[in-house]
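After this come two complexes, each holding subunit A, first together with subunit B and then together with subunit C.
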Partner chain A sequence: MADGTEQAMFLDPAIRDWVLFPITVIMVLVGVFRHQLTILMTGEPPKPEPKDIRQGKALMRGQILAQNNSYIPLAAFAERKKYLCAAYEEGTYLKNKAQKEQGAANLMADPKNMEVMMDGMKKQMMGIVPQTLIMGWIQFFFSGFILIKLPFPLGVRFKQMLQSGIMTPNMDVRWVSSLSWYFINLFGLRGVFSLILGGENSADGTRDMTAMSTMGAMGQQPGQPQDFNKQFLSMKDNLSIVYHEWDLENIEQRVLVKYGKQARLFKSSRK
Partner chain B sequence: MADQNDLYKYFEPTVQHNTLALSNIHTLTSWGVGTAAGILGLTGWNGFIFFLLSWVVISAAVLTIKCEGKPSVFFKSGTMDVVGTPVLNTLLSYVLVWTLMHALVYIYD
Partner chain C sequence: MSSLALLAEIRQSSERRPYEVLKLAEPLLNSSNQLTSATDDAWLVYEQVFLSALDEGQIDLAKALLHILHSRFPSSQRVKRLYGLVNEAAGHPDESHKLYSEVVDKDPTNVLALKRIIALLKAEGKMALAANELVGYLDTHGNDFEAWLELSHIYLGLHMYRQAAFCLEEVILQQPANHYFHLCYAEINYSMGLLDIALKEYLRVIELSTDNVRGFYGVKLTADRIIELLSSSTRSGSGGGKSRRDAQMSFSLDNVPQMPVLEKLSQLATERLVATYSANKAASAPTKALEDWLKQ
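Right, the complex of A and B next:
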């Protein structure tokens, strides 16, 4: 049989009944199960303390002032700037004033952080373990035979991965084993999950694969190690260099000129 | 300034709801189109061309009927969000259904 002609084969319907459908059904069910389990296991998010919130909001207030400086007249802006800079310098808004000189607190000592990190790790476990289990199960039970023919061709290099258990060097790459059916399902069932479980669902296998590769960044996620003292000081610097320009500067002249009641007498930076 | 306007121009929960609705439309239609492709016995490039054609038709329908011709009212990135972003996900769904149906009709006795 020359390569290039259609390799026509027919498969036993028993394979279809006992392998094709069960793999899909199991993957859907495991996904739903994982979603429900994640919902059960996710504890309450830790209640933030008022001092923590106040820190964050004080920083935001400085940011908003810098961004929206054009909406208030110069006097009002100067007043706010003076007050905020003094407060930042002195550390009125800091959670632990005594710590101001010491720098960032030890991350592990904060009990709230432990809970947040444990939650994150639990979620990752929930993602990785079922995928590994299912892959192992498929390899164990459903290896060594052809399951399906792909309607589209692939490169020769995929043959090794997709026909893993079968020792026939001449067979078309399109005849594949059950592991590749697992992969097709893994990618294709995302749409089904978002139909069944709504938008934010934890049944997505591929999202966990990308999460695994970014596991190194997990230590910075809690956000607590931010040194607010330093941020306050840098915000103070930002505020002091903001160029204030009031939107309503010389508004009387501008309205008159716009409606043609007065010729423009002087050059201004506003049109 | 433009970025700040963007923050206030779109109400986030509604945008998310729109995106979810669009995704549902794409999933359901890709299942229908995939079934058609499998039963018709399309293979190789024909299958992908069929997918692209259906993508054009479905996107046009969504843009005219659901978005009333103005996708930027419903989505943050306008037409790109409707036509470009869901392609990969829908393609994967399509491949799943296409393979399944093709196998059911032609490969099994």
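Right, the complex of A and C next:
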């Protein structure tokens, strides 16, 4: 980039006072407002029923058994494995045993699931609407504005990031356009928010963005209830292939070695 | 550090230090403006002091505090549970049971109230009922290892060793590195005559906790017993061989370690027990008792 072009551009201080600062201030204010609104709108999380808890804990029990099976004797493990596998197969721990056959189609039937989904929708809407409005506002009033010049040089690759909305191939990358300033704020204000509002805040707009982009890929909304029947069945498969080896099989040697009564003869099978 | 901060620290570590709590809270309670200025924390302090007052047997103070809490949260289930506690302390278990049941009816997931009901049954000596309730509780909250431990103790009281062992297996599954649980499990297995498992579990205790005296006593007892059984079966059992099941044995001698290993273990236990006791010069009477026992 020639020196001449760089010298030739001067920004009106009015742009700084009436565009650069307002955009930043408004984005901060909207973030704070969003945070307060979220606090207002999210009431108490719905209380789980005992059956929900039972369902989750039953799954956890299988996990623990698969994980720590080496700490109990073979007979104890076999007993549990048999019981849990049969229970998973039959759906003993399922919340709605009758619905087992109908599968995931009936997830909507549970009114609480509906509530959870509505709550998620509300939160997402609250993230999307203000950000769209601000972006529209910037594009409508300040499209093509150059707001700021960065005090350090950057490579050409940053052009897309810093000068979106401006079609000037030869301009120095250090100049930042209005739309790019918006995006930099959107992603960069997280630290500011956690300063003002504390670590766990809901002012940040980027989280919803990531949630949105992953939603399509996973085909599942965050907070959507899982299909426990499927999880139980896969846990049953997991359990049935667990190879049990009691951790205490060679404990005599281990203790004797610990007290120096015996040289370490063979490799300990302990993990 | 201010007394409020100290109280908060005790509260968070869930230590049970009623005397200190009452000492710290006394000036706070007397000068009324100090607690109210602490805003939301004040109610936690009231609850904490209330529990400590119950521990110290100061029921009048507890009742006064409960009154304050009740006037602030008239419909709170948490306060209702506290009413149950006061009734328990004052010796009205039926009243408490009613209160706890009301709390549970309103919110079946209220773990604290559920546990109080079980504790109440246990305190009244209705062990079978308590065990029953606890089984129901564990069906839902299967990952509460402390409840499993409690159930195991209740079963032990009822001499139901098999069930107690099952509960301890659950505890060990969830907390495999705590030597105390292995110790309990070993002792139950010893009581049931499953010496092979008992020996291994005692050894596990020693592995996890160096020079654990209770563990070494167990090793000594179990190893000597197995040696005795082994030598008697080789002496008399020419027909059945080693795998022959003795009438008094509920385990197979195949699973036990080799004779030299057993002897080594027994020796090790003797050695470590003597070393541990003689390290403590003051305890001469226990040392003597131990030596007498080992000579047997």
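The criterion applied here is as follows: the second predicted complex is superposed on the first by the 160 of 271 C-alpha atoms of A that agree within 3 Å, B and C clash if a C-alpha of one lies under 4 Å from a C-alpha of the other, contacts with A are read in each partner's own complex, and residues count from 1 in each chain.
The rule is simple: contacts are C-beta pairs under 8 Å (C-beta built on N, C-alpha and C of every residue); 3 or more make two chains touch, one makes a residue touch a chain.
Note that the structure is predicted; figures quoted are calculated from it, not measured.
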Which superposed partner A:R16 touches (first subunit B, second subunit C, both, neither): first
Subunit B versus subunit C as contact partner of A:P169, first or second or both or neither: neither
Touched partner set for A:G155, first subunit B, second subunit C, both or neither: neither
Partner chain in contact with A:Y71 - subunit B first, subunit C second, else both or neither: second
Contacts of A:F187 with subunit B and subunit C, given as first, second, both or neither: first
Subunit B versus subunit C as contact partner of A:L195, first or second or both or neither: first
Residues on subunit A lying within both footprints (that of subunit B and that of subunit C): none
Footprint of subunit A on subunit C - complex, ascending: 107-109, 139-143, 165-166, 169, 172-174, 176, 197, 199-201, 203-204, 206-207, 210, 257, 261, 264-265, 268, 272
Subunit B partner contacts - residues on subunit A that touch it in the complex: 9-13, 15-16, 20, 24, 67, 148-153, 184-185, 187-192, 194-195, 198-199
Residue ranges of subunit B touching subunit A (in the complex, touch as defined): 4, 16, 19-20, 23-24, 26-28, 30, 37-38, 42-45, 47-48, 89-90, 92-100, 102-104, 106-109
Residue ranges of subunit A in contact with subunit C within the complex: 47-50, 53-54, 57-58, 60-61, 64-65, 68-69, 71-73, 76, 80, 246-248, 251-256, 258-259, 261-262
